[in-house]
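What follows is a group of structures, each given as structure tokens.
Paired with subunit B in one complex and with subunit C in the other, subunit A is shared by the two complexes that follow.
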Partner chain A sequence: MAELMTEKHVKYILSVEKKKDDFESVVMEHLRVNGAYWGLTTLDILGKLDAVDQDEVVSWIMQCQHESGGFGGNIGHDPHILYTLSAIQVLALFDKIDVLDVENVANYIASLQNEDGSFSGDMWGEIDTRFSYIAICSLALLHRLDKINVERAVKYIVSCKNLDGGFGCTPGAESHAGQIFCCVGALAITGSLHHVDKDLLGWWLCERQVKSGGLNGRPEKLPDVCYSWWVLSSLIMIDRVHWIDKGKLVNFILDCQDKENGGISDRPDDAVDVFHTYFGVAGLSLLEFPGLKAIDPAYALPVDVFAAASNHDGMN
Partner chain B sequence: MNRGVEEERARIPMSQRPEWADIRPVPQYDGPNPVVPIAYTDEFSETMDYFRAVYLADERSPRALQLTKEAIFLNSGNYTVWQFRRLILDALNVDLHEELHFVDQITKDNSKNYQIWHHRRWVAEKLGTQIASKELEFTREIFSQDAKNYHAWSHRQWVLQALGGWENELAYCDELLEDDIFNNSAWNQRYFVVTRSPLLGGLEVMRDSEVAFAIKAILAKPENESPWRYLHGLYKNDVNSLVNDPRVASVCLDVLLDKRDCVHALNMVLDLLSHHHQPSNELKDAVDAVSPDPKPSDSNFAERVCSILQLVDPIRASYWRWRKTSIPAQD
Partner chain C sequence: MHGRPRIAPTKEEQEASSLRAAKLRDLQSQVLNFHHNKIYTKEAVEISAKLLESNPEHYTGWNYRKLAVQYLLDQQSENGVDSNSIQSILDEELRIVENALKKNFKSYGAWHHRKWVLSKGHSSTDRELRLLGKFQKLDARNFHAWNYRRFIAGLRKIPDEEELQYTTDMIYDNFSNYSAWHNRSVILSILLGKREKGYHDKERVFGEEYEFVRNALFTDPDDQSGWFYHLWLLDQTLKREPVLLSSWPPHGSNLCLSVDGSLNDRQTLPVPHFQSKARTFPLILYFSEGVEGVSSSTVTVESKCHAGDDFTWMPLSANKFGFSQAWLTYLKFPNEVHSLEACPVKVTVAHAAGITSSSGMPCSQSCHISFTVIVPSDDRQHSELQTTHRISWKEENIRSCTTQSLEADILRSLCELEITKENKPTTPKWSMETISNEIAHCQELLSTTNCKIGKLTLARLLMARNALISYGNPHFGTEANYEDVLALYRDLMKMDPAHICYYEDEYSLVLLKQLTSNVGSLMKHCYQYQESSSPSMNPYLCVRLNGLSLSRLGSMEQLLWVQMLDLSHNKLRTIEGLEALQLLSCLKLNNNRLCSFTALEPLKTLKSLEALDISYNEIGAHSIDTRRYLCSSPLTHAVGNDWNFKKFTDEDVKLKDHWDAYLLFKDLNLRQLEITGNAVVNDRLKAFLCKLMPSLKRLNGEKCC
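And then the complex of A and B:
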């Protein structure tokens, strides 16, 4: 088996190159909160979270919060549910959820639920099952699921279930591994997995594994390391992970490493980025690769972090 | 970086443009030691510094509108810029046909960008049903480059349901599948049309011809996942009808006799057996003929099918092993 280049990945995450003409870096400014979640969670899985200054991160994250309670992707950006979850997750990594005005954040998230149970991303009204997952995961971490209509939220998610057992972004949309993770995760967190045909979905998910051992997100698409997370966590949540060839998947992920400079890419020999580095390492953790912290498949946080968050009294 | 035709002349820095002389640009604050430090080009920094100034001042003017366009060309993922642009469009009551033209331009090189598609939907919703055929045409253009673009399919489904235009949708699915019979998005769209189009009569009415269509596709490429699942989907609440439709067992037999990629055919045979289908001797022989093991040991036919699947689809051996344990007791 190839080696996991832990030190190189840590170095890669800690020092993104400051090239003035680096367009790749420039486009990430507005979603730096997501970037922080991907980078910091990876460090924690690798046992190196202490390499960052916790107080600075927390202080910066809190400056991303809007008066509505929601978080923007960076300081000065409009609030959106996407960055609100990442902010909560980053605070959870440092066991600092208590710095939040929980009522304020929970109200923001709850305000995004629609009549049919779906969730909008922000005040502009885009609807997607990604946001259902985000709302449910966020509120569960804050112990405030009581703020939303869970029954209707579940009903909407179930309306997005397709005949192949999978889920799409809206009713009738094609089954997609990313959307499946969101729907299955939301159903798992709300104790509603009985709505999932586990055998049917499990088969659809294990069909994502291609000859190279990697996983794709839909039939006849190319494998991508990020599906090592979306497909794998879904399989674990429905108790069907033994249906894929784990060894081949481990090798695929390891082949996606940049062994010189650190970081992981979508498939072997492509350029690396923080997003794929996180999903590759998280996938390896789910596959019980030695030396990594265990990660919770539904909350996408290290298991010990999730346990700490669960123990917190939800009141402020 | 994508630029419109009017941007191709050399860019004049904002600090040198007289129409911006009254504005004090606002720099990005990253905190003393950024967690995820990011480098910037000078042009990007300056444009965003001026954007922040008008955004914080809530200036909804024509020059601010133009500035959001420049910022979007530099980074079309910046959702705050798009949102502010919408506020300005509303305030200035801009002709949204022009806005759609701008979105057309910017989508071509950024076809997987959530912000652009969401903005497009916002514009299209305001323009209403008059824009339906243009939106269908636009997504068709996107599909000519990438026939599986998930954002475009989501947009197209929304257009059909919100604005109409179902007339040619099944024919369009035919077209896409002729181009690429493996296009799962097109198969999904086909199901969407058959079950939701107000013009076709619904699944019951369409089932027979759709079964024929799926079978034709299977015979062309039996290794294609999509038509096999589609077949199951056509019989969604009535699996006994699937099992009793002679065409289904028949297509399995044809694929096996041809000795072509047989994994999905064997899987369908297994599904039929699991619902008490009585296999013909011809089918049993055809199954045995594709077995890599010359002396299969399972006396039970369904178990034998599972054993063969473990050999011909080894990456999913665990799944096929589980299927073997879950075969219902035979009559």
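And then the complex of A and C:
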């Protein structure tokens, strides 16, 4: 079995954090808050979170917050639910959720719920089950699930369930592993997994594993390391992960490493980025690869981080 | 972020890249500036167009444009409404979006902006459909385009039949279009649901669909798209009303309720018997699929000993919500009932409408279960319920049931009892014919290609056919040989080793179906267990399913009567299904692959369970708990979490780690527990368990103090 190049990956992530002027960084400037979550969570899983300046990160993130309570993808960018979750997750990594005005953030998220239980991404009204997951995960981390109508949120998610057992972004939309992760994760956090046909969905998900050992996101598509998270965590949440060949997947992920410069790419020999580095390492953690911190499949945060977050309120 | 090759850039490339970066950074900061200062001049808006056409993912840029559009439209209405100007303002947006999509046709921001413009109602949907046509050609699997098409079809009120025809065209263009097949299934479901003209004959419609998909399957059997659609058709063909499969007590049985285990009257009283301190016993109903709505209004229990009682029915699923195949209530015989009196009980299931399956099918056929309960003499001499004997599972204490024994008689009667139904539910002839047809076609395909999903489909079809036959139409012929199905799964394990555990799970289910399908095969696994050290103890009816490589459980409806069960030396990672076996008193699960206490959650409801062996499993050996979100735990925010844990463990902070052991064992009355050989076991856990279960007399063979 190939080696996990931990040191190289740590170096890669730290270098990305510093490089703000190259084209990659500039074109993704608007989602730097997501990038922070991906990079920092990877560092934590690798046991190297202390390599970053915590205060610097926290202070930068807080500057991304708006009056409304929502966070933008970077300083000066509009608030959106996508970056709000990442911000909360980063603060949770540092056990610094208490710097937030929790009421403020919770109200922002709750204000995005619609009559039918769905969630908009921001004031412009795009609806997607990704946002349902984000709302539920965020509020669960803040212990404010009572701010939304959970029953209706669940009902909307269930309305996006397809005949193949999977979930799409809106009712009638095709099943896609990313959306499935969001819906299954949201149902898991709200204790509603009885709405999932585990055998039907489990089989659809396990058939994502192709000959190379990698996973694709839907039928007849190419494998991609990011699905090592979305498909894998979904399978774990519904207790069907034994239906794939874990060893082959480990090898696929390791093959996607840039062994010289660090980082992980979507497929072997493609260019690396922080997004795929995170999903590769998180996937390896779910596969119980030795030397990595355990990660929670629903909250997508290391298990000990989550336990700390939940202790702030006693055990639930 | 996807699909770019990994090559180190040359110096020239790096310089060019830096230049591009600087230009882009400049555009971006300008747009943010315009946005924050609400500058909507022509120049400013044009700059934002440049930005979005080169970086469509810059979402704040789209927000800015929406505000700019609103500003311009407001100006328009101030100067008098001119629909041409409105049109041209909006057309410009559409032009920008189209350019942005050319850059990245998967940009959420771009597609949403287009939707936003169309929602204003001034734009041509004709043009949108043409644009969609172009995108489909570029990438027939682009779900953004399919979703946008659904949106436009809604705006234009395109009839569903037309959209169905569109999927037909797309599929003829390329069979491997999962997106088209998916949309087809959605639209067909709607048409059938509405019983539209031409779609009220479900059988004809599905017949045509089977033919249609057959083209795809025969043309390219290795492409998954058609097979998933075929699976959906199969599911629709088999969809039926839920029916009651079995019950405990079984129909026609005579149940002896005894207060302790005394055998004094055993020879004279009919069996089966049930021991209960409190003169209660469980009444279990097992349905063909998960149902909800089982309550005292939908299920009535008539017995002169229970006049007017309201029964609380509980679903026996992993959590207490949702749909469940097994349902439980308790019947209690009041002390006033005279001893040795035979009390007939009649249970009517689906007495009124209300029981529904998870696919929305109602249970409309009511049926009756009648049995008799004999309450024993209320002799106060009885000693303490149950001696403190230990269940050792020693081979010398087990003897097989001979075909002539009393036990064999019980078993035979249990297996052959038929629940009376008002009208026998018939399997539609169409379902049977369709399945038989599909079996033939599948076999034909497999004769020329060794196709994985084809084999799997054939196995599923054969099992489906067996299920239809068992629902009781003698004209359908005999059940398929289970051996054929098992052979198919063994083939699949070799062909597709990556998915071996999936096939093992399916294999286990087929094996258990085969084993419980008739008295003869079941008898081979039935034994009588009697502790030689306690001759006065009632012998247990013991079922041994050890060493069968079982990885999961099924056919529990045939085993509701089992009191003693040996499932040791298998490959069980889950024991889902065991919650239905409410009579279980002794259970052997040692030497399996159970990874956590949460995996044992089905045992929580087994009130009669006294001796449990879970030694030599993998509890505590994994950092990932795959059942954590399937059971009630502090991590799920499910309503109804019963959580006194904090109070219980306040003395020892570390015990918070054992919330899963707490939730499992707190309501059990175990007398005997073996947990050796699990990584989680240490002295602290053992002490915790002894404290948690006052009834526990033996832990790992040692006395509990």
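Please note the rule applied: the second predicted complex is superposed on the first by the 307 of 316 C-alpha atoms of A that agree within 3 Å, B and C clash if a C-alpha of one lies under 4 Å from a C-alpha of the other, contacts with A are read in each partner's own complex, and residues count from 1 in each chain.
Assume a residue touches a chain if its C-beta (ideal position, glycine included) is under 8 Å from a C-beta of that chain, and two chains touch if they have at least 3 such contacts.
This structure is a prediction, so every number in the text was calculated from the model and none was measured.
Engineer: If subunit A is used to align the two complexes, do subunit B and subunit C fit next to each other or clash?
Structural biologist: Overlaying the two complexes on subunit A (C-alpha atoms) leaves subunit C and subunit B clashing.
Engineer: Check whether A:96 is in contact with subunit B, with subunit C, with both or with neither, and answer first, second, both or neither.
Structural biologist: Touch status of A:96: no partner.
Engineer: A:80 in the overlay: touching subunit B, subunit C, both, or neither? Say first, second, both or neither.
Structural biologist: both
Engineer: Examine A:56 and indicate which partner it touches, taking first as subunit B and second as subunit C; both and neither are also allowed.
Structural biologist: A:56 sits against subunit B, while subunit C stays out of touch.
Engineer: Thinking of the overlay built on chain A, is A:35 touched by subunit B (first), by subunit C (second), by both, or by neither?
Structural biologist: Touch partner of A:35: subunit B, not subunit C.
Engineer: Is A:174 touching the first partner subunit B, the second partner subunit C, both, or neither of them?
Structural biologist: both
Engineer: Looking at the overlay, what does A:8 touch: subunit B (first), subunit C (second), both, or neither?
Structural biologist: neither
Engineer: If you stack the two complexes on chain A, which partner ends up touching A:238: first (subunit B), second (subunit C), both, or neither?
Structural biologist: The second partner, subunit C, only.
Engineer: Give one of first, second, both or neither to describe whether A:155 is in contact with subunit B, with subunit C, with both, or with none.
Structural biologist: Neither partner.
Engineer: Of the stretches 403-411, 439-447 or 583-591, which one in subunit C hits subunit B?
Structural biologist: 439-447
Engineer: Per the definitions at the top, what is the overlap between the subunit A residues touching subunit B and those touching subunit C?
Structural biologist: 21-23, 25-31, 72-73, 76-78, 80, 122, 124, 126, 162-164, 168-170, 172-176, 202-203, 206-207, 209, 213, 218-221, 242-245, 248.
Engineer: Under the definition above, what is the set of subunit A residues touching subunit B in their complex?
Structural biologist: 16-23, 25-32, 35-36, 39-40, 52-53, 56-57, 59-60, 63, 72-73, 75-78, 80, 122, 124, 126, 162-164, 168-170, 172-176, 199, 202-203, 206-207, 209, 211, 213, 218-221, 242-245, 248, 274
Engineer: Show me the residue ranges of subunit C that touch subunit A in the complex, using the header's touch definition.
Structural biologist: Listed in rising order, the residues of subunit C that touch subunit A are 1-7, 17-18, 20-21, 24-25, 28, 32, 35-36, 55, 57-60, 62-63, 66, 108, 112, 116, 141, 143, 146-147, 150, 176, 178-179, 182-183, 185-186, 189, 223-225, 228, 231-232, 235, 317-319, 321-323, 497-502, 505, 573-574, 622-624, 626-627, 629-630, 632, 634-639, 641, 643, 645-646, 656, 659.
Engineer: Hey, which residues of subunit B end up touching subunit A in the complex?
Structural biologist: Interface residues on subunit B, with respect to subunit A: 1, 28-42, 44, 48, 52, 55-56, 74-75, 77-80, 83, 86, 114, 118, 121-122, 148, 150, 153-154, 157-158, 182-185, 188-189, 191-192, 195-196, 224-226, 229, 232-233, 236, 315-319, 322, 326.
Engineer: Within the complex, which stretch of subunit A touches subunit C?
Structural biologist: Listed in rising order, the residues are 21-23, 25-31, 72-73, 76-78, 80, 122, 124-126, 128, 140, 145, 150, 162-164, 168-170, 172-176, 188-195, 202-204, 206-207, 209, 213, 218-221, 224, 236-239, 241-245, 248, 258, 265-267, 269-273, 275-276, 286, 288, 294, 296-298, 303, 306, 310, 314-316.
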